[in-house]
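Please read through the structure below; I'll follow up with questions.
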Amino acid sequence: MNSTSSAGSPDLLQELRNALRQFAAERDWDQFHSPKNLAIALNVEAAELLEHFQWLSDAESAAIPPEKQIKVRQELADVLLYLVRLADKLDVDLAVAAAEKLDLNATKYPIDKARGSSKKYTEL
Amino acid sequence: MNSTSSAGSPDLLQELRNALRQFAAERDWDQFHSPKNLAIALNVEAAELLEHFQWLSDAESAAIPPEKQIKVRQELADVLLYLVRLADKLDVDLAVAAAEKLDLNATKYPIDKARGSSKKYTEL
Amino acid sequence: MNSTSSAGSPDLLQELRNALRQFAAERDWDQFHSPKNLAIALNVEAAELLEHFQWLSDAESAAIPPEKQIKVRQELADVLLYLVRLADKLDVDLAVAAAEKLDLNATKYPIDKARGSSKKYTEL
Amino acid sequence: MNSTSSAGSPDLLQELRNALRQFAAERDWDQFHSPKNLAIALNVEAAELLEHFQWLSDAESAAIPPEKQIKVRQELADVLLYLVRLADKLDVDLAVAAAEKLDLNATKYPIDKARGSSKKYTEL
């Protein structure tokens, strides 16, 4: 994946970052948005997302009923919003970071070794 | 925020989604990528991110040293990668979901009531 | 379950609480042990525990190899240690709290309604 | 700490383990209680606990109002209940594991090196 491929186009993550900056500024919330607090919020939302799949089989988790889908969708959004806000506070460009990490993962998990295996790269 | 603003332009989240699809296909990993398992992975990565801020004051969490920044950046990327992959498996358009949730948050946290307060909307 | 049944006998949770108090005092760690920080630590340890079961099937999670068992055992211990320490800082008697919650759960999940179901009590 | 000090006395953790066994058996819940699922449940409860301290300062987290204390107390209990249940399913004696881990921590964090420091043992 080319980490510069989105340059020059309207970037959704940047739009979202800007919208969240304004949202926080209007409410005087920057005082609460330390990276530590945002990382906590991210974890709380991630766990609320996980709760929807708790006790389900893998197959059931892939076929959740419509009313649950709406909630899951909102939890996914919450995770993204806090992630974008946290990255902003840490001056991290999420798009570049994700592209770099994907490249790194390709090195850690070479196709021939990783195929069909769920082992951690340290155990491959 | 206009949820359709990214239509027609190369979309970073879609690029990432496609790259992750290919990454999983090449490694025959779809068998492990149930929404339940991906939600677990998301939580594990979110906690690894949080670990970097553990025991720090809010101020310290906003001024982490360079070598820690590199790791934090990778954890942020990991969270995004699993989030994009999970949303794909659930057929959720993250961009639209985030825009909708931001609108909902604006309703739950009206500026005049929420200004300077960290209370949950149910307690405002 | 009788919440007073352990009164008068050496209580493991109290022993553990006392040992942790001494451990922190000797290292001048009380300054770091706010309930907020201890709750973060508890979450980080809980996620490290979960990581060991990530990608496993339910059956595999019930038959982990010996070298992994040792690590899982340590993560279980870490969760208990932080839980006991956090409860101490909040002046909560874990034994009484657990007995009370178990009674509450019995009310929320009556046997005839809950049998064989993994639904949340609000959906029973 | 002497890991055998509670031998011969009624052991609260064992009582709790037995009560939870009965609770699950009466509701035919063993089918859902794989270690994987219980580890998920433990994480979800730990995050619900953390949510109560979200956005609070350290000082505020040490002085939560009474109505919140009741909820926090229940979340602490939930974490303990799932922890005991998970340890049971993994055949781990939590009391022994905690005593051993505390001994290990004393080695990893020698008093003279760890005093007043929140650094991880690998960085001391």
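Order of writing sets the chain letters: A, B, C and D. Residues in each chain are counted from 1.
Just so we're on the same page, a residue touches a chain if its C-beta (ideal position, glycine included) is under 8 Å from a C-beta of that chain, and two chains touch if they have at least 3 such contacts.
Please read these numbers as outputs of a predicted model, since none were measured by experiment.
Participant: Counting shared numbers against all numbers at the contact of subunit C and subunit D, is it over half, same, or under half, different?
Facilitator: same
Participant: I want to compare two interfaces, A-B and A-D. Which one has more contacting C-beta pairs?
Facilitator: Answer by contact count: A-B.
Participant: Determine how many degrees of rotation, between 0 and 180 and to the nearest 5, align the Cα atoms of subunit A with the equivalent atoms in subunit C.
Facilitator: To map subunit A onto subunit C, rotate by about 180 degrees.
Participant: Where the centres are mean C-alpha positions, what is the separation of subunit A from subunit D, in Å?
Facilitator: Centres of subunit A and subunit D (C-alpha means) sit 28 Å apart.
Participant: Please work out the Cα centroid separation of subunit A and subunit B, and write it as a whole number of Å.
Facilitator: Here the centre of subunit B sits 2 Å away from the centre of subunit A.
Participant: Which subunit D residues touch at least two other chains?
Facilitator: As it turns out, subunit D has residues touching two or more other chains at 32, 37, 40, 43, 46-47, 50, 53, 55-56, 118.
Participant: For the complex, give me every residue of subunit A touching subunit C.
Facilitator: Residues 40, 43, 55-56, 118.
Participant: Show which residues of subunit A lie in contact with subunit B when the two form their complex.
Facilitator: Residues 1, 5-6, 9-13, 15-16, 19-20, 23, 26-29, 31-32, 34-37, 39-40, 42-43, 46-47, 49-50, 52-53, 56-59, 61-62, 64, 69, 72-74, 76-81, 83-84, 86-87, 89-90, 92, 94-95, 97-102, 104-106, 109, 111, 114-118.
Participant: Which bits of subunit D are touching subunit A when the two form their complex?
Facilitator: Subunit D residues touching subunit A: 32, 37, 40-41, 43-44, 46-48, 50-51, 53-55.
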